[in-house]
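For reference, chains read A, B, C and D in written order, and residue numbers begin at 1 within each chain.
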Amino acid sequence: MLKKINYQSFGLVGFYLVIVIIFSALSPVFRTAGNFSNLLIGFSHIGILAVGQTFPILLGGIDLSVGAILGLVGMTTFDLMLIFGLPGYIAIPIGLVVGLLAGLINGLLIVRLKLNPFIVSLATMASFRGLVYAISGRQLFPGLTVMAIKDPTYLAIDGSLGHVPYALIYLIIIALITYFILHNTKLGMDLYAVGGNENAARLAGVNVNRVKIAAYLISGLCSAIAALILTSRMTTSPEGLGIGFELSAIAAAVIGGVNMQGGSGSTLGPVLGAFLIGTIYTGMNLLGVTQYAQPVVAGIILIGAVGYDQFMKERRRKELQAQLLLQSLRMKGQGG
Amino acid sequence: MDEKVKRESAGFNRREFLKISALGVGAAALAACAPATPADVAPAEGGAQSSKQAKDSYKMTFVQVQPHTVSVAWGQGIEEVSNVQTNIEYKQVDGQGDPATQINLMDTAISEGVDIIFCQPADSVALGPSIKKARAAGIPVITLNIDAPEAHAAHVEMNHYFGAIDIAKAMGELMGGKGNVVILNAPPGIIIRDMRTNGFVDGMKKHHPDIKIIADQSAEWDRKKAQDVLSTILASGKEVNGVYGVNDSMALGAVDVAKTKDLIGKMVIFGNDGEKAALESIEADELSGTQYTDVWQQGRLAAALAIGLATGGISATSFTNQGHILMPYVIATKDNVGSIQAFQRW
Amino acid sequence: MKKNILLQARDVSKRYYAVQALSEANIEIYSGEVHALIGSNGAGKSTLIKILTGAVVPDTGEVLLNGKQIPHGDTKAALDAGIACIYQESNLVPTLSVMDNILLGRQPTLRMGVLDRKAQRAIVVDLLKKHDLNLDPDAAVQSLSTVQQKEVEIAKALSLNAKVVLMDEPTAWLSQVEVEKLFRSIRKLTDEGAGVLYISHVLDEIFTIADRVTVIRDGKVLLSTAISDTTKSALVQTMLGRQLSSEVNALQQEQAEKHLGFVALECRQMSRAGLFQDVNLKVHRGEIVCITGLIGAKRTELVRTLFGAELPDSGEVLIDDKPAHIRRPLDAIRYGMGLIPEDRRRDGLLMNLSINHNLVMAYLPLVTRLGLLAPDLFKRMGQFQMDRLGIVPPHLEIPARNLSGGNQQKVLIGRWLAGKTGIIILDEPTVGVDVGAKADIYKLLRDLADYGTAILIVSSDMEEVMTVADRILVMARGGLVASFQKGRVTQEQILNAASGEMVQ
Amino acid sequence: MTTLLSKFRDKSGRIATQRFFKDYGLIVVMLMVIAGITSIERNFLSLENMIGILYQVAIIGVMAACMTFVIITGGIDLSVGPVMAISGLLAVFTLESTGMSLVSAVCVGLLAGAIIGTINGFAIGRFKLPPFVVTLGMMSIIRGTALLIGDATVHLISGPESFLFIGTGQLFGIPFPILIFATVATLIYFIQTRTPFGLTVFAIGENQEAARLAGLPVLKTKTLVYTLSGVGASIAGIILASQVHTASAVYGNGSELDSIAAVVVGGTSLAGGSGSVHRSVLGALLIGIINNGLSILNVSIELQLVAKGIIIVLALALDRYLQSEK
């Protein structure tokens, strides 16, 4: 299994370390503990979304609605606490449930109507965002636009242990759990099976539909968690919250070695992918790269990262082939 | 060079302009930041001189919502003032329209230990915690356009709510107090949008109760989308006598439609912001009017304040509440648009 | 052990649109028996299998296991009832390991769906040992060769320890040695009282392994008898409804030492690290050369390199005695070469495109005017090839995937006949092709050779090699080890040469 | 309808209807949507509004048509939004620098798109990098470059009339952008059906290795499809600039998703191998009709998005149902 990790994202790990070292060398601020904890806080929500996104992509699908789900969950909890005055420990579970429901809707539409995941999640992305606007407490009661969430339980979500932010801890836990699910549970095997060869999975008696729905449920749940973290950090939930996150999440996943054709990938790469993007931007910011030059450099590095990863994989594949050959030769030898 | 001369004369013409402009608040605001004014008109007299006494350099960061005409103009205003002081390092960073990103940028600026943060919050509450954090770190924060509930150094605002009310008033008068109005709006999510819409609706109720708002559709701040939405509404055969674009781009989109359907003159179209293009369109008798604010000036004021705070070594923690500087604005129409000088057109 | 009926299909019929795929077919599979099912492609074998596994719902009739009816169209139920199947097309998940593929959907779990890796490994390892399959349980399937992948499929079916195992052409792509291995496994199964339904085009195999045979044609069961009560030619006749042996024999007899044309294709000192070294070979115009040998002798790699699909480390290729610079397939084609790859499903046909498209694909310039496709030329060329090769069904616009194996192969050959191809390389040309179509293809190749085409065939099928080749080259472990003239060699000699030091 | 059906009479009845709906199901669905909206707002069907819809669809339509090949080869192009912006900018700058030479302005604009597209294609074809990441990276590179050369402000177009004609002019009473859209779509449909290139595109999408072994120019084709997509974005960008009399580096945000949506709604699968330009056009139209319908019905901002999502899902579900009809 360890071999698998390396195979997935060794190239990326190396690349990431190089980037970090370069920035640390060039910018004294970058190498401060404070800055790193900023990085970890600032991009953990993208990391969580990316982990969630991994599951639909593993099935050769995609979930464009994560940003909208994030907004919806945020707004729900916001309303629950500020309109209905419910305590956080009630709002939080409800928020998670909303995320799961949203995921369920995606899953059911894809499975039952046999529609293309891209279209379905694109449509639900619009619908969920519309719902956010419709239920927005900030629209219904303009006073709430300047009202902050005060609930202690809720605000505690985004706390930190010294320099270690909770957000990071959630991310690590989620990444590890999902990693375990993927590589050590039946669900995980079924996910890879359906993603790799759906027909074979079906003939082997795997309940394909259930697996698909599960994937979108997980993605929905991750969005919900990210929503809780962000809204707790912002002490409110703007209607626009989460717009454009889907692209960052997918990007992080793909950079993290999840194959968009489905069937291969894991959940540690995506986390790294999320931080890679964040690190690049923060680093350039600290180096005083002008704001418009930043996306240019970022884009180049992005392509570079994937190119490098590709290169490493290619080399690894060649090595494997060579080994395979030797084996088969030995086999033939023994055969006689 | 002559650019500079113009700018210098700015100081003079501005005063006249302020007389025209309705709000005394603005004058008060200017007075409030008097100490900074020399630096403000510094371009003419060598800024280098004035910044001699400063020992080390000062860092200033502007966290904007996203690249946009207005924030660009702010930037120009700020740099105009800060550039003349060799010891000021100014940079503008892009919040990519996302409060979460803005929070990250704030955090970075704080750990970078800048001396001043200009912040245009995408959402007043969302950025509150970061502003609090900055204050705790002793960094004065100057908010632009959108105030934050947390105490910070100062808030420099181009008015939204009252401005929109006045727009409604002026618009109604041109419409003769009756008819149907369409609002070309933006989707919820940025507070400005809410302030302006509410102001406009309230204004109409207050001043012209007979005018009906028959449609409030989203054109996503975008000129092309504004064209599409308005032409669709017109195609439905409804009679539209007035259009309010929540920003100038959308208003200009409406103008484009009016031109093609030759409704210019028959349809009252108002924008908001007062960018150069809008003012020219007014002079060309296309756009009926817009709310104009000198955004360059707004930037200069903010910068002047900032320099005062930084060089004066005033600690952020010493502010119990932010001072409000409400920028003066005019409802620019055919009659008064001429009084807005070239150097005030951003 | 008394033989009792395990699996039984009673009067099952199935109709696809216009086509009656099966009509009132009956078949019984007894415990401890291997029941061979033969018939031309498109005769309805696959449909019958799919019905038995519940993948297809029959229009009429029923399927009984031990006298109990199994619900139609429910693969899971059939699986649980103990009906395993090795399908023709791959049913493996490329990214998963051998271990996971073998137990796919049935991995042992502790609680809450957590996998019991230890148990899983134990099961797989001793399964592989029991059937002496030489596979690394942890290797990802995509890193395995075609043969090894087939072995995984077999292991998968065996692991079900099913009451009935259906095998749809399991020996496709298997070499002699592996086939024997497979037969041993099958015997083990039957000894344990399981029943096996065995589909194959290779009659020899059937006479070796089967106890009972059923012949099916045009969806009807024509004959079902004990193997001992029938003969090869009888079977072929019922299967095709015509006498074939004459045609094949004709090919085999033809001995005339006709003088050869110039060397059309020659390669000198061709090497690729770790694959093959210093290969020299010549193919003359009008000559059919077969390269045979064990699987893993790197014959496929050799021909792919000749065709420019992969690049050699050293060595040169000469065409008509002139050095040719081949960097990619397009170059090879410009030199008048054509390759028909080993796995026509994976590398050959464009399955969703029409027959017509597939036929002209390699020579698009020939069907264009001023750089634009000319529909009339396009159709005419397709029609011409279709008639010439007798492809059925004769509809140019149906997608290639709906064709039988034999006809798909014909389309691939036709693709090269379309142009000025003078050198045709075929890799395992008749795998999964029924006896009738096989004969057609052999005749076609011979005709081409007589017209001066140089033909290079890679084949593991001894009978095929003996039948079509003018010259037989034997490749072993990346080198050409022997060369025989037609008719001057026995299968044994070839096999010995192929298995290298195994004989010493 | 029956006349159309008769086209497929060569096969048995059921196949005929199936194939009919496979090709025309989307139109049937579209007619239903139109009928639905019209039943509430009669003016929806007015000629003025119909032309309006086409005018509104033109930009996305052009992009979708040009991107179809990319998606048929199993790729994706996310960089089209910024390409729109930068083409518009460059065109405007050229206008100013060359003293209002329309031709050079348009050429420069298109060239930009072509170059960017080609770079995408080469990176994807030659180095086998995942299209998603390459074009995503390019998206951010081009957006940044556009901002560097044009800042975030809007640049007014002071003329010439000929340039403004591109976006706002009319020919025989039909807005010019519609004509451009029609021309581009027809041209690409022609390429798809009548050229070896078009055939190769499908072959690659279906099975790249097989295409290579059949001697098809894989790398060249793969590069060209992205070039085409880039050019499409440029055309769109120039039309937009001309329609709004301005150019800005921030234009075209999110249009990549809109155009991909149009292609996919049309039924072209992101997995590649299948699809058609005419279906992409239909997809763009369907989305355009829904947008237009919702605002002509004056649906409130909040509910518009909800409705849009639901209608799209229903429409496609219906389309799917028609295709797989028993």
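Quick note on the criterion: a contact is a pair of C-beta atoms (placed from the backbone, for glycine too) under 8 Å apart; a residue touches a chain by one contact, two chains touch by 3 or more.
These numbers come from a predicted model, not from an experiment.
Peer 1: Would you mind checking which pair of chains has the most C-beta pairs in contact?
Peer 2: A-D
Peer 1: Between chain B and chain C, what's the gap in Å when you average each chain's C-alpha atoms?
Peer 2: 74
Peer 1: Report the inter-centroid distance (CA atoms only) between chain B and chain D in whole Å.
Peer 2: A distance of 36 Å separates the two centres.
Peer 1: Take the average of all CA coordinates in chain C, do the same for chain D, and state the distance between these two points in whole angstrom.
Peer 2: One centre to the other, that is 44 Å.
Peer 1: Check each residue of chain B and list the ones that touch at least two other chains.
Peer 2: Within chain B, the residues that touch at least two other chains are 67, 187-188.
Peer 1: When you check chain D against every other chain, which residues touch at least two of them?
Peer 2: 147, 151, 301-302, 304
Peer 1: Do you know which chain C residues sit against two or more other chains?
Peer 2: Not one residue of chain C touches more than one other chain, so the list is empty.
Peer 1: Determine which chains touch and list them pairwise.
Peer 2: A-B, A-C, A-D, B-D, C-D
Peer 1: Considering the complex alone, what residue numbers of chain C touch chain A?
Peer 2: 53, 55, 75-76, 79-80, 85, 87, 90-96, 100, 104-107, 109, 112-115, 117, 134, 136, 139, 143-145, 177, 274-275, 294, 296, 477, 499-502
Peer 1: Spell out the residues on chain B that touch chain D in their complex, using ranges where they run on.
Peer 2: 66-69, 71-72, 185, 187-188, 214-218, 223-224, 227-229, 231-233, 235-237, 249, 252-253, 256, 260, 275, 277, 280
Peer 1: Could you list, by residue number, the parts of chain D that touch chain B in their complex?
Peer 2: 41, 43-44, 46, 48-49, 52, 55-56, 59, 147, 151-154, 156, 168, 240, 243-246, 249-250, 291-292, 295-296, 298, 300-302, 304
Peer 1: Quick check on the complex: what are the chain B residues that touch chain A?
Peer 2: Touching chain A: residues 67, 89, 91-94, 96-100, 103-105, 107-108, 111-113, 122-129, 149, 187-191, 194, 198 of chain B.
Peer 1: Residues of chain C touching chain D in their complex?
Peer 2: So the residues of chain C in touch with chain D come to 17-18, 307, 309, 328-330, 332-333, 339, 341, 346-353, 357, 361-362, 364-365, 368, 371-373, 415.
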